[in-house]
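Here come two complexes built around chain A, the first alongside chain B, the second alongside chain C.
Up next is the complex of A and B:
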C-alpha cells in the first residue's frame, strides 16, 4: 500500500517526526479501527485518528445529538440536534480527511452483540459512558484478541490504559466488578467539561496511533490517572490476573447489569 | 503522615479535595483513622474486614492485593490511592 503525493503532503508534519516515516504512515493507512461511542471521548478519539490517517474508522453509537452534548462533543453543531450521531460524526470526519474511510454504525453495543460487532479490527478505542457497555467491550476484545484503548472521565478525573491481549492486564483484571448502583455517578449527574474529555480522548488516540504504527506505547500494564484540578498525572502499575474471567485461562461471560448504571446518588461524587 | 489520594467518587470524605493526610503504621490503621474523623469511610471501602471487591488500593502505585493487603506497612512519605472504576465519557 503506497502513499499518494497528496497524502505525503497532508501527513508531512508527522512524517518528519524522527521515529515516524513512510512505513508507519502506510501501517496507519491499512489499519481498521472501531471507536465505541461518538460522544465526549469519541469526538477527540475519532478526530485524531482521522487526522493521522488511519485507513478505516467504524464509529459505533446509537444516540442522537442533543443540545446538552454541545459543551464537549465538537463534531456537532445546533443543526445536528436530533440527527443520528454516528452518521453526523462520519460526515464531519470525512470532510476533514476524505482520504480515509469512515463508517457510521448506528447500533447499541450490548453484551450479546459486542463479540460479533468488535471482530476483525486492528484496534478498538472505547469512548462509551457506562459500565455495562465498557465491560462488554472489554470482554469482547479479550476474547477476540483485539487491542483495546480504554479511557474514562468523571468530573476533573480522567483515566486511560492500553490493553494488549495476551500481554497486558485488561480492564477486568484491574476492576473485576463494576461498583454497585449509585456509588459512581455518571457524567450527567456529576458534570463534565469538554477540555477534560478532550484530554483523555487525545491520549487514547495517541496510544492507538503509536500502537498501529508499531511504536512503543506507554500505557501497557499501566493505569494513568489524571486529576486536572491539581494537574497531577499518576501511573499505577498493573498486573494480569490469571483467573481473570475475561482474559484469564478460562473465559466466563459476566454481563454487567444495566441496574448498575442507575441515575441515583448524584451527590456521591460532589464536594 | 501518609498522603491518601481519593478518587472522585470518594471525595465526599475529603470535602471535595483530591488528597488528605492520615496517621497509621499500616493501611488498615490509616483507614480506621480516616473513619474516626470522617465516619462512614471504612464502610465505603471495607467489607467483613477485607477491601471491597470493586475498590482498589495502591500504596506508592503498587496494588496492595498483590502484597500484604490491609497489613501493608505505611510510612510518612508513602502515597495511598483508593479508587473504584469510573465509566464516564
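Up next is the complex of A and C:
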C-alpha cells in the first residue's frame, strides 16, 4: 500500500519531520480507531486524527447537537442543532479529508455493549464525560487488549493518560472505584471552556497518532495533569496493580451504577 | 552506477522536492534498497535535499550531482535496505 502523490502532498508538512515518513504515514492509513463521544474532547480528537490521515475513524455518540455545545464543539454550527451528532461530525470530517473513512455510530456506550462495540480497533480514544461510560470503556479495552487514550476536563483542570494493555497501568489501576455519584460535578455544573477541551483532546490525538505510527509516547504509566489557571503541567508516575479488576490477573466485571448517577446524567451535556 | 528508479520532480519547489525524494527513498529502502535518480529544476533543492536527508534517522548516501542544463540537475542517492 503506497502513498499517492496527492497523499504525499496533503501530508507533506508531517512527512518532512525527521522521525515521520512513508512507513509511519502508511501505518496511520491502515489504522482503525474508535472515538467515544463526539463532544468537547471528541471534536479535537477526531479532527486531528482526520487531518493526520488515520484510515478509519468510528465516532460513537448517541446525542443530538444542542446550542449549549457550541462554545466548544467546533464541528457543529447552529444549523446542526437537534441533528444526530455523530452523523454531523462524520460529514464535517469527511469534508476535511475525503481520503479517509469516517463512520457515525449513533449508540450509547454501556457496560453491556462496550466489550462488543470496542472490539477490533487499533486504538480507542475516550472523549466521554461520565464515570459509568469511562469505566465501561476502560474495562472493555483492558479485556479486548486495545490501547486506550484517556482524557478528561473539568473547569481549568485537564488530565490525560495513555494505556497500553499488558504494559501500562489502566484507568482502574489508578482509580479502582468511581467516586460516589454527585461528588464530581459534570461539565454543565462546573463549566468548561472550549480552549481547554481543545488542549486535552489535542494531547490525546497526538499520543494516539504517535502510537499508531510506532513512535515513542510520553504518557505511558503517566498521568498528565494540566492546571490552566497557573499553566502548570504535572506528570504523575503510575504503576500497574496486579489485583486490578480490569487489567489484572483476573477480570471482574464492575459496572458503575448508572442509576446512582441519574442526578448527574439527567443534567449533563457531553464534555 | 545505474539508478533503480527515477523521480522526475521538475516544476516542484522546496519543501515538496525534499518530501517527494524522502518518501520515494523510503519506499525504495523498505523494498530492499537501491539508487534513486532525482531530477529537479529548482537549483536551491540541489543543496537542500542532501542537507535535509542528513537530519533523517535513515542514513542515505549522496553518490553524484550532475548539472544537465542551466536549471536542471540530477542527483543520485543511495537508500539502504530497511525492515518495516
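Some points to look at:
Just so it is clear, the second predicted complex is superposed on the first by the 258 of 271 C-alpha atoms of A that agree within 3 Å, B and C clash if a C-alpha of one lies under 4 Å from a C-alpha of the other, contacts with A are read in each partner's own complex, and residues count from 1 in each chain.
FYI, a contact is a pair of C-beta atoms (placed from the backbone, for glycine too) under 8 Å apart; a residue touches a chain by one contact, two chains touch by 3 or more.
As the structure is a computational prediction, the values presented were derived from the model and not from experiment.
Aligning the two structures on chain A places chain B and chain C side by side, free of any clash.
When the shared chain is aligned, no partner comes close enough to touch A:163: not chain B, not chain C.
By the touch criterion defined above, A:114 reaches neither chain B nor chain C. Of the two partner chains placed by superposition, A:213 touches none, neither chain B nor chain C.
In the superposed pair of complexes, A:3 makes contact with chain C only, with no contact to chain B. Of the two partner chains placed by the overlay, only chain C lies in contact with A:18; chain B stays clear of it. Draw one line from the C-alpha centre of chain A to that of chain B and another to that of chain C; the angle between them is 120°, to the nearest 10. Between chain B and chain C, the minimal CA-CA distance in the chain A superposition rounds to 34 Å. Overlap of the chain B and chain C contact sets on chain A: empty, with no shared residue. Put simply, chain A touches chain B in their complex at residues 37, 39-42, 126-131, 134, 151-157, 159, 171, 174-180, 183-187, 190, 192, 197, 225, 227, 229-230, 232, 234-239, 261, 267-271. Residues 15-16, 18-20, 22-23, 26-27, 30, 52, 55-57, 84 of chain C are the ones touching chain A in the complex. Taken in their complex, chain B has these residues touching chain A: 5, 7-9, 11-12, 15-18, 53-54, 56, 58, 61-63, 66, 81, 83-89. Touching chain C in their complex are the following residues of chain A: 2-3, 5, 8-9, 12, 15-16, 18-19, 21-23.
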